[in-house]
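Both of the next two complexes hold subunit A, though its partner changes from subunit B to subunit C.
Right after this comes the complex of A and B.
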């Protein structure tokens, strides 16, 4: 990491919003660390929150691959998330009415395959049409999936939901019994408020490991794709689909690929959620998840992967942070949460409509630029550079 | 058959009896003409003559009600625009298309066809081939920008350049797709005279290097100077075809432009 090798230079290279985000993140981490040390925030719960943040980041990555890259308006984020969650839960849970008890890896594969089929089903009729048709169809799809989950009791257990879901690492060597074998630790950093690291902590840290693997892998794949000629065609479609068609691009195929990729990532978020929460119910398919993902992507900056990551973390902070306001008797946290998100989105649209961390100005396959030896560092601001700035 | 069609040896684009109506209006009414390889063919006609509709039909954006379009001897009637492009026909648009959030050279790189990096799988299975193609395309894009004398714009945001420069970029990008026949829809509409002159020079240069052009243009001086032959369209059908001088002095053409003869 260049940040570690040469911190001063890397930081001075950052644009203003990047510095701002870095500063806020560091302050936030210090705050969290303080809360952990003083015992205000339980370590297992903290790791659960990290897992949740990773899950929202995955959802935002998925939506960003559709809306941010290609301009596809998908209002069924919750449905693909739910397909992922239910797909894996139905395969692995003890209380599953159909299969149950299978290895979580099988659950993962089944969830992804079902999400793929669903994406094809909705994509084939709508992606040839204007962008609005996908938006309308996906809005309907989300409700259809939710109502099926709620009502088809023989398949999904209906409103009772699914319990008895194992952790993701069930059946793996070492990792499956890792939480139980680790000793309980008792750390005393501040006298009088010891921090207990018990089985639940170790279980939560496995989840964090899993979500880091999912989200990290997804991020690397998306970053490469976004800078590639493939990503460039998607961005052309987002700006002007007719132009892409005139230049010989099969836009239907590209839109389909982008839609499927995003849907699979959303399903992956659902799979993770299943093994994080260990309970899945129809409430998890409520449309609010879709809107959280949209807020995260718009807040972070449409088309930007790191923006989606940032947006996902902000959403979890608002969603879970407001729980701590329970002690304040005057304010009811539930409506406050939505109000806060509303305020944040209004503020971003008013003062920074491109989002907090918009995509970099120029995205060219990095090796092609390196080969030419041009020390070109695209900045996110509009540059005033005229003539001869790029001489070699 | 249209009257006055010239004999042609090597036809790169053939439009035969093409028809298209919108509701009761026949926008393209049995249009027949062809474009000979190596020419700059002009397509003129009064407003509403159906020039843009014809372009959309040829390039696959509209589906014709009848008739055929042949590119390089292949029947491309009813094909998708990307398939028509694969057969060597590329078009530009009347209003320059803006690519938001891209720099000029990035927008240029959309042009080359069949890039290995446009396959999602290859990005991960054969990054070497992607590197190679991308470097080559970037070098080619920069070379073409230099040829067009707009290389200083390479890292400018594609939306921040003037309308005339956008037209130049569009033409340059279309060249990256290596078309055999390039359809230009009003290349100098809204372009200042200096840039229009530059565009004319470029089109002529590219034509000498082997690209065939078919262009719609309202600027008579521009099209008469550049194109030969010229096809005149009126009310959806081909009125006549001939040399600039022949067309200029044709009574029917003058009538069509003045609104008579109907």
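Right after this comes the complex of A and C.
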């Protein structure tokens, strides 16, 4: 932690967990950069991982808008993600049994509309339920969606899935042919192991650009929404729904709005996944996707968008990092991944139920804080201070 | 197959669901959270008995087409499932200081850990008990009923376990304390009931029954690391249909859901025979009431019950 030894103002303002996350992220970035330079990690694959991390962050943003803001236990993340992916794949893929070959923008719009309809279909019956019933019911309905996608071959191609999906920028003026027109570059940083930047690299960098645009836009919208009066109502519902109702708020309507907002963001993640992976199958609707998003949110800190971003990156590290164990014949990576996810869930709930980066200053308008940043932590407990002086 | 045949199949499958749903309902009412690790507790029971049976073999004679060794393995499966559940309660759930939603999320993590450990040890492929598959009982074939002696053994064992639980709940001290605790934990505590101890017994009974259900599920179908998790939602549907917290409701709900699940092919025949108008509606109905959607039908029933009668068909306070 030599970086923190010479304190810059901004760093010294950070809370302890923030410093930790920053330190770990920097170390991780250095590690990845090292792997990139030495050629252990292909640049195109690296960008694929960045795209995937962005996608999980987007998924976590969506869940955060439901669980973190309003306290809705939605276990149907995979359904919305899958609907988003299938919606855009069915519109754009060559092998699509219904439309196919359309512009990806149309796919995006269709996916969002279908997700909106599904959010209403799932939300109207379940959002009146008690929290734990909502969890079970939404998981059940997500399974219904998965079974429909798996079995209605005329609509979805069944278990074969959809192939022949174009990139998102197909049909755009310059960007559609950008990967092909860019020259192949050959960077030699370490002699003997050159880094090749070819068409796949440029294609992947376009995808990263896209997910940054999606995730960045979503982040800004959510941050604004969370601090707005609307977001305050949601937070009130989360901590005490009866109180919100007593204040004259139509909590059902607010819950529905937050549910729809989150579902649309999840569908957006699905749309991006379609154009990143270029293949969509019923396996993408497996409940494990739901729990990946959940781990990301509760690890990052429920209600914290930065936390969701951090959680998304951790999930990709677990998901893709275990793939490198394929060379080690001792242990199978699939159950190991499951074990890690399980251990992370239990460990977070046991030792830090509020998550690594719980929302603190995120909820305060920046200009509401004076220039010195975070308020000082009192040396003694608040109660002692209050007890000590009667006339302060 | 005839209606009787489907009903017989439903009875066998129901027995398994009932064993699972009783435990889930007990834990739901006494430990006060929806335990998502319950399905994987069933898997633990199934794999324990697989290992035990492989180690001790048949032990000579056989009852209802099942060697003695299988019943020893069944007891081992029940015991290990109960032990694992008690260990988890002591190690994980008890020290936690969070609400029931937090416990629910934790139990998902526990479920993944159970399943991952089983998958690391046994691989993800499905296996079978090393028991000769039997022909359906000849005497029943004229009625269109295709059940084997093994199926009969499943039903008989489930009935024995359920009756045993009934006696325990109604006529023993432990049962009375459990019912008191399910009704009102605070009142039970001030009345001098050691609620922690009762909670542990609840885990023993609930997980033990789940273990038995898992063993029978392995005998009925196959063993796979996902077997329990795949069945979990069906069991939840049964518990909700019967009314959460009501053991007898869970039995009724398990019975109904198991029946509906196995009767789906029969229903789809009925739908095909019905004169539904217009034609597209008939096609949609035929498409949706088919064997692929047997589980989906259970989930939809579950959501409908939650909406219309959140206390379940048995109503409140039936424990």
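We take it that the second predicted complex is superposed on the first by the 351 of 392 C-alpha atoms of A that agree within 3 Å, B and C clash if a C-alpha of one lies under 4 Å from a C-alpha of the other, contacts with A are read in each partner's own complex, and residues count from 1 in each chain.
Quick note on the criterion: contacts are C-beta pairs under 8 Å (C-beta built on N, C-alpha and C of every residue); 3 or more make two chains touch, one makes a residue touch a chain.
All of these numbers come straight from a predicted model, not from anything done at the bench.
Of the two partner chains, neither subunit B nor subunit C is touched by A:27. Using the contact criterion defined above for the overlaid structures, shared-chain residue A:99 touches neither subunit B nor subunit C, since it reaches no partner. Look at A:160: by the touch rule set out above, it reaches neither subunit B nor subunit C. Judged by the touch definition given at the top, the superposed model places A:353 against subunit C, while subunit B stays out of reach. Of the two partner chains, neither subunit B nor subunit C is touched by A:185. When the two complexes are overlaid on their common chain A, residue A:40 makes contact with neither subunit B nor subunit C.
When the two structures are aligned on the shared chain, A:245 is found in touch with subunit B, with no touch to subunit C. Only residues 33-34, 92, 95-98, 100-102, 104-106, 108-113, 115-117, 119-120, 123-124, 225, 233, 236-237, 240, 287, 290, 292-293, 295-296, 299-300, 302-303, 306-307, 310 of subunit C touch subunit A when the two sit together in their complex.
For subunit A in complex with subunit C, the touching residues are 73, 125-126, 128-133, 135-137, 139-141, 143-144, 147-148, 150-152, 291, 294, 298, 331-332, 334-336, 338-339, 341-346, 349-350, 353. On subunit A, the positions that touch subunit B within their shared complex are 221, 224-225, 228-230, 232-233, 235-236, 238-240, 242-251, 257, 261, 303, 359, 361-365, 367-369, 371-372, 376, 378, 382-383, 385-390.
Only residues 59-61, 80-82, 85-86, 90-93, 97-103, 105-106, 109-111, 113, 115-120, 123-124, 127, 130-131, 133-135, 137-139, 152, 154-157, 160, 173-174, 177 of subunit B touch subunit A when the two sit together in their complex.
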